[in-house]
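First chain written, first letter: the chains are A, B, C and D, and each begins at residue 1.
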Amino acid sequence: MPGSTFGTLFRVSTWGESHGPALGCVIDGCPAGLTLNEELIQPYLDRRKPGTSAMTTARSEADKVRILSGVFEGRTTGTPISLMIENTSQISKDYGNLSDTFRPGHADYGFYTKYGHRDYRGGGRSSGRETAARVAAGAVAALILENYGIRLRAYTTAIGPVALSDGLADKLSLDEISALSTNAACMPDEDSAAAALKAVEAARAECDSLGGIVECRIEGVPAGIGEPVFDKLDAMLGHALFSIGAVKAVEIGDGIKAAAAKGSENNDRMRMKDGDVSFDTNHAGGILGGISNGNTILARAYFKPTPSIYQPQDTVNEKGEDISLTIKGRHDPVVVPRAVVVVEAMCAITLLDLYLQNRNSRI
Amino acid sequence: MPGSTFGTLFRVSTWGESHGPALGCVIDGCPAGLTLNEELIQPYLDRRKPGTSAMTTARSEADKVRILSGVFEGRTTGTPISLMIENTSQISKDYGNLSDTFRPGHADYGFYTKYGHRDYRGGGRSSGRETAARVAAGAVAALILENYGIRLRAYTTAIGPVALSDGLADKLSLDEISALSTNAACMPDEDSAAAALKAVEAARAECDSLGGIVECRIEGVPAGIGEPVFDKLDAMLGHALFSIGAVKAVEIGDGIKAAAAKGSENNDRMRMKDGDVSFDTNHAGGILGGISNGNTILARAYFKPTPSIYQPQDTVNEKGEDISLTIKGRHDPVVVPRAVVVVEAMCAITLLDLYLQNRNSRI
Amino acid sequence: MPGSTFGTLFRVSTWGESHGPALGCVIDGCPAGLTLNEELIQPYLDRRKPGTSAMTTARSEADKVRILSGVFEGRTTGTPISLMIENTSQISKDYGNLSDTFRPGHADYGFYTKYGHRDYRGGGRSSGRETAARVAAGAVAALILENYGIRLRAYTTAIGPVALSDGLADKLSLDEISALSTNAACMPDEDSAAAALKAVEAARAECDSLGGIVECRIEGVPAGIGEPVFDKLDAMLGHALFSIGAVKAVEIGDGIKAAAAKGSENNDRMRMKDGDVSFDTNHAGGILGGISNGNTILARAYFKPTPSIYQPQDTVNEKGEDISLTIKGRHDPVVVPRAVVVVEAMCAITLLDLYLQNRNSRI
Amino acid sequence: MPGSTFGTLFRVSTWGESHGPALGCVIDGCPAGLTLNEELIQPYLDRRKPGTSAMTTARSEADKVRILSGVFEGRTTGTPISLMIENTSQISKDYGNLSDTFRPGHADYGFYTKYGHRDYRGGGRSSGRETAARVAAGAVAALILENYGIRLRAYTTAIGPVALSDGLADKLSLDEISALSTNAACMPDEDSAAAALKAVEAARAECDSLGGIVECRIEGVPAGIGEPVFDKLDAMLGHALFSIGAVKAVEIGDGIKAAAAKGSENNDRMRMKDGDVSFDTNHAGGILGGISNGNTILARAYFKPTPSIYQPQDTVNEKGEDISLTIKGRHDPVVVPRAVVVVEAMCAITLLDLYLQNRNSRI
């Protein structure tokens, strides 16, 4: 039942509902000695905030993070880090008509059958707002990883029908991707971003919504990370990415394409280069047998379109009646741009946890 | 580090190497009262055994399971169930040339960098043989699930370029799929199976290998299974399926296609039918917000082609030398048909664990 | 490393330092449907507050608990419950001379060697203040247990040289104990409590401190609770009670005396009584083979004297110098009365976790 | 429910019943590179075997351990280590009259109420035989700890009324204790051992049984081991020791005596000695605030007398009838000498797990 905790050594427990007083997380197991303060975490949360484009709705969420414990004189102490974000922009009255209704494509019916009693306001616990806590924890993980020479960055590769051209991202450095992805679509290509914006505007005009794809690239991971046979690096990334609402598929490296390739095409050959093992290709996405091989790690998450659309939809209510529902309130016509930093956060948390576990591989 | 344990309440720990004396698992947390004996588990293991077609190699593995504990007078007692399978068909000399070599596409290099010391014979711990223990545990899980009215079945939907025609499987009942999938390809369609066999023969003739896709269908799952926000049903299935060697992508329901759909197309509408909630479509694959919705659950795992191919390949060895490697020994040109029951086993273990967890959702 | 989390199904993560802005806990896995609000938790925290007797110091801690998540319309929703208590009474300047000093009998040296960097103010994370979060979580656990017909109560049986007369508590009902233990010593006997107060006053006059014993009685526990072989009910109680700072011994039932008894004296005989199994004695303290037997559960925790005493003490500092330390600040001359509700809280959390686990003992 | 697993990083899962075909354990998380073979483990198991004195019964258990996985070419590989011990000396017919009876002082009634279905032969899972698997795992842990400069040894300090004279053990080195404890009582003092033997003979003559005390001393533990606030070193030792059947009390350092001491008596003062922190006394038993302080660790477990006595005893059966039971079969009149190495094993497992966790305390 306690499904709100993730990780073995770097363990994150998130809490909070969309329309409660606050949300946050406790990080249990953060090593001591990391320089940490609110200013270092806030930029990650700001990347998750709704912007001002057609991609997002008009609500303004401050999402200011506060460190309540675990940091003393600017450095972590090894004790639990409690992070809190107050909810300031909630308008509960928008959700009155949902109190006994199951929205199509949402977790409402599952929560109702599971718990009997649910906070229906804004999706309650199943709201995307919960991911703010993940992003805060992911920021801490990313800061530690940087100390270990590991850097990562997520970005959008597709929104609805608009996809980044194949191989485009691979030619860019992480820094270039960061610099180029500041647009509303979080796509490292202005033309694609512009086209994506148009596609979203069109969908919104039809009271409809779009999905998309987020890719995360992780560089500097030493070979050896991942704990076979069940807690393989790819298995934990799969767990982490599928735990983000709306993700319906996850790929590592070539992913689905690998299933149609031949062994001779798919194997990445090794050669010595400057005294180190290197690979001529990276079909594997940096992971073999569940362990990092020193190559760049590539993971991809596929997001379904936002289920909250403004068209009338057939559904049922708690009384067991067929009804037609027209959703009100403020909903992003596509969650992908705001999910980018969530993907990055979950990858950072996962990688750090396995990095710490790997410290005990040898006597 | 202890990555060989999976599950919270129904907890499976596998052990064993390809060329050690035996392999097996301990199931900690199996409820008492289940009728269990070796004859009920063995058929699952038999489905994993290499057959006699071009799909598999000539080795004969008995894979006889033995129950060492946890069962008394034909029923489980609630104490740990120890299952053991002796290794009887191992020929270690085939692997002599691999003792200090890293095979492309394999876990060799990762294990070497991680542990320093590895059992190189037949892949050791990273061998597909480890999955025999999972299948044995999965059989126990499936038997329990049957008691709860839950049935599941995995089957091949593609091998290399040969795919089951779209929607074909959806028209078949689980019983029909079981009856039709007894061919070497484990495909519920004779024509596809025959075509797949030809494709494998062609790949083998070129000293090459193929990958493919396995789908698992789970029926009878009540709404409410899955533990948000991290141990969602899809997240745990993702974890479980990615933990199988060679899996490079996982989908739930429409999966990747969902990312290109509009919300109006992707939402499954609910209607009351005979007093129960029913869905007109199943794009979600039976899971919304990480919780089962009562609809059929559909998960898909994409397998890369067997990395062991008989062509000479560039690689490096432990001494840091560039070498050309020609792999010997017996290797399946495609792992998919034998992986089908492994996918089924991991889905069964995952679902049972979350089913048991759900018993505590309410006071 | 992540040692601030306790429990498997009812999982409590505490956070917070003595002199940080706040402390609290996240309860992950609380079943849905429990009536809960701040007013139901606060009385437990009030029992932990320093009183006005010689037993405690003059500081006033408000210790007002706030529910931040997991409760909607007065009932738990099954999602994580975040509880926060703001620190309002901290005077950090008192601790200046401790910033690089290791107090005898304290965790200072351990924290310093372990983490390198520590919050020395008031003991930081190792302060007794951390137990406020446990008490809040314990209150929730106790409220759930009540729903299952399980009631528990802890009380002082000894302070320094003053012990409750043997068997006195056994003659009282839980309600009587509650009513009689409202004195400053939390002893269910006015004479003993008065004597204890005198002993504490005498110790305080000598700039010294005392320890004592807390007993917890749990009634209404059905037979069958406890998870052999490692998570036995007594093993988990042992874990829970030893996790309270200052506890140096734990007993179940007759405890230490059992080691000197003969089998014929120590075995509790069973007889049928009104259709139920009953025991003529309770040497076992309600637990056999790690499983509850339906008898009253008795656990006892032995607390060492407060290490903070006002006499000059030899010790060393971070620079590796021998020094003489005179501790200032406000310290209780005995922690036992305030630890009573902490013992009760840890017993409640432990029992509930195992109660929930037991729901899955049978198919 | 899955209570047969202990540890976070060095994780031991035991399995097996007294009268099943075998018992054993899986160690998941053993670091790679340890020299390991059966000959290194067997001596620990031999210390647990029944001897030939009045202390034990006449049964001969071979208890030969077999390594089934995780070791290659004489060294651990970092993969799960499966250890198996075949049961060879079981005579099930002795237990026929117990099939529906609850023995006083035993787990029978608990197991029956919990699981409904139980292996009654020789106590089944609740038999002391289960500890053979712990001893095998403990041997591996002890071998690793030796690599880290940590040594430990358990020994008997009391059997029934016969106790080692106070402070006697403290004057002996670990090597001296090992050399002196080879007697049937495992007491490091011949006179005490002889007196204990007489006490046991007297109890046996009366068809009665005795309990006793086992102490474990651990040397060479660096300061910093233990994970506050719940997985403190003493809390984990408490968990570990209480998980051994028949243990009714656990002490760390002065234990119970500490509760009656004054702070000025109980605090261990620190001084610099040869550049290191040293303590003038060791009332704390090497643990402060749940973290090792570099001093010798002292833990004590109190065992109740063997519940299986040959006197007729009142009890009830599954049908709910009052009966008189006379136990047959072979039962040790005191379990303490054979439990000594079990205590040592559990301390080794606990300490190693926390030692490995401590590797991640700092960035």
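Everything below uses one rule, namely that a contact is a pair of C-beta atoms (placed from the backbone, for glycine too) under 8 Å apart; a residue touches a chain by one contact, two chains touch by 3 or more.
Quantities reported herein were computed from a predicted structural model and do not represent experimental measurements.
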Greatest separation from subunit D - chain, by CA centre: A
B-D against A-D, pair bridged by the larger set of C-beta contacts: B-D
Centroid distance [mean C-alpha coordinates] between subunit B and subunit A, Å: 26
Mean-CA-position distance for subunit D and subunit B (Å): 39
Subunit A and subunit D: spacing of chain centres that average the CA atoms, whole Å: 46
In subunit D, residues with contacts to at least two other chains: 1-5, 8-9, 14, 29, 31-33, 76, 78-79, 114-116, 125, 228, 356-357, 360-362
Complex contacts: residues of subunit D adjacent to subunit A: 8-9, 29, 31-34, 76, 78-79, 144, 147, 228, 356-357, 359-363
Subunit C residues touching subunit D - in the complex, by the definition given at the top: 1-6, 14, 102, 104-111, 113-116, 125-126, 130, 158, 160-161, 203, 206-213, 222-232, 234-243, 245, 247-256, 258-272, 275, 277, 280, 283-285, 288-294, 302-309, 311, 313-316, 320-322, 357-358, 360-362
Touch list for subunit C against partner subunit A, complex: 1-5, 7-11, 13-17, 20-24, 26, 28-29, 31-33, 66, 68-70, 72-73, 75-82, 84, 114-119, 124-125, 356
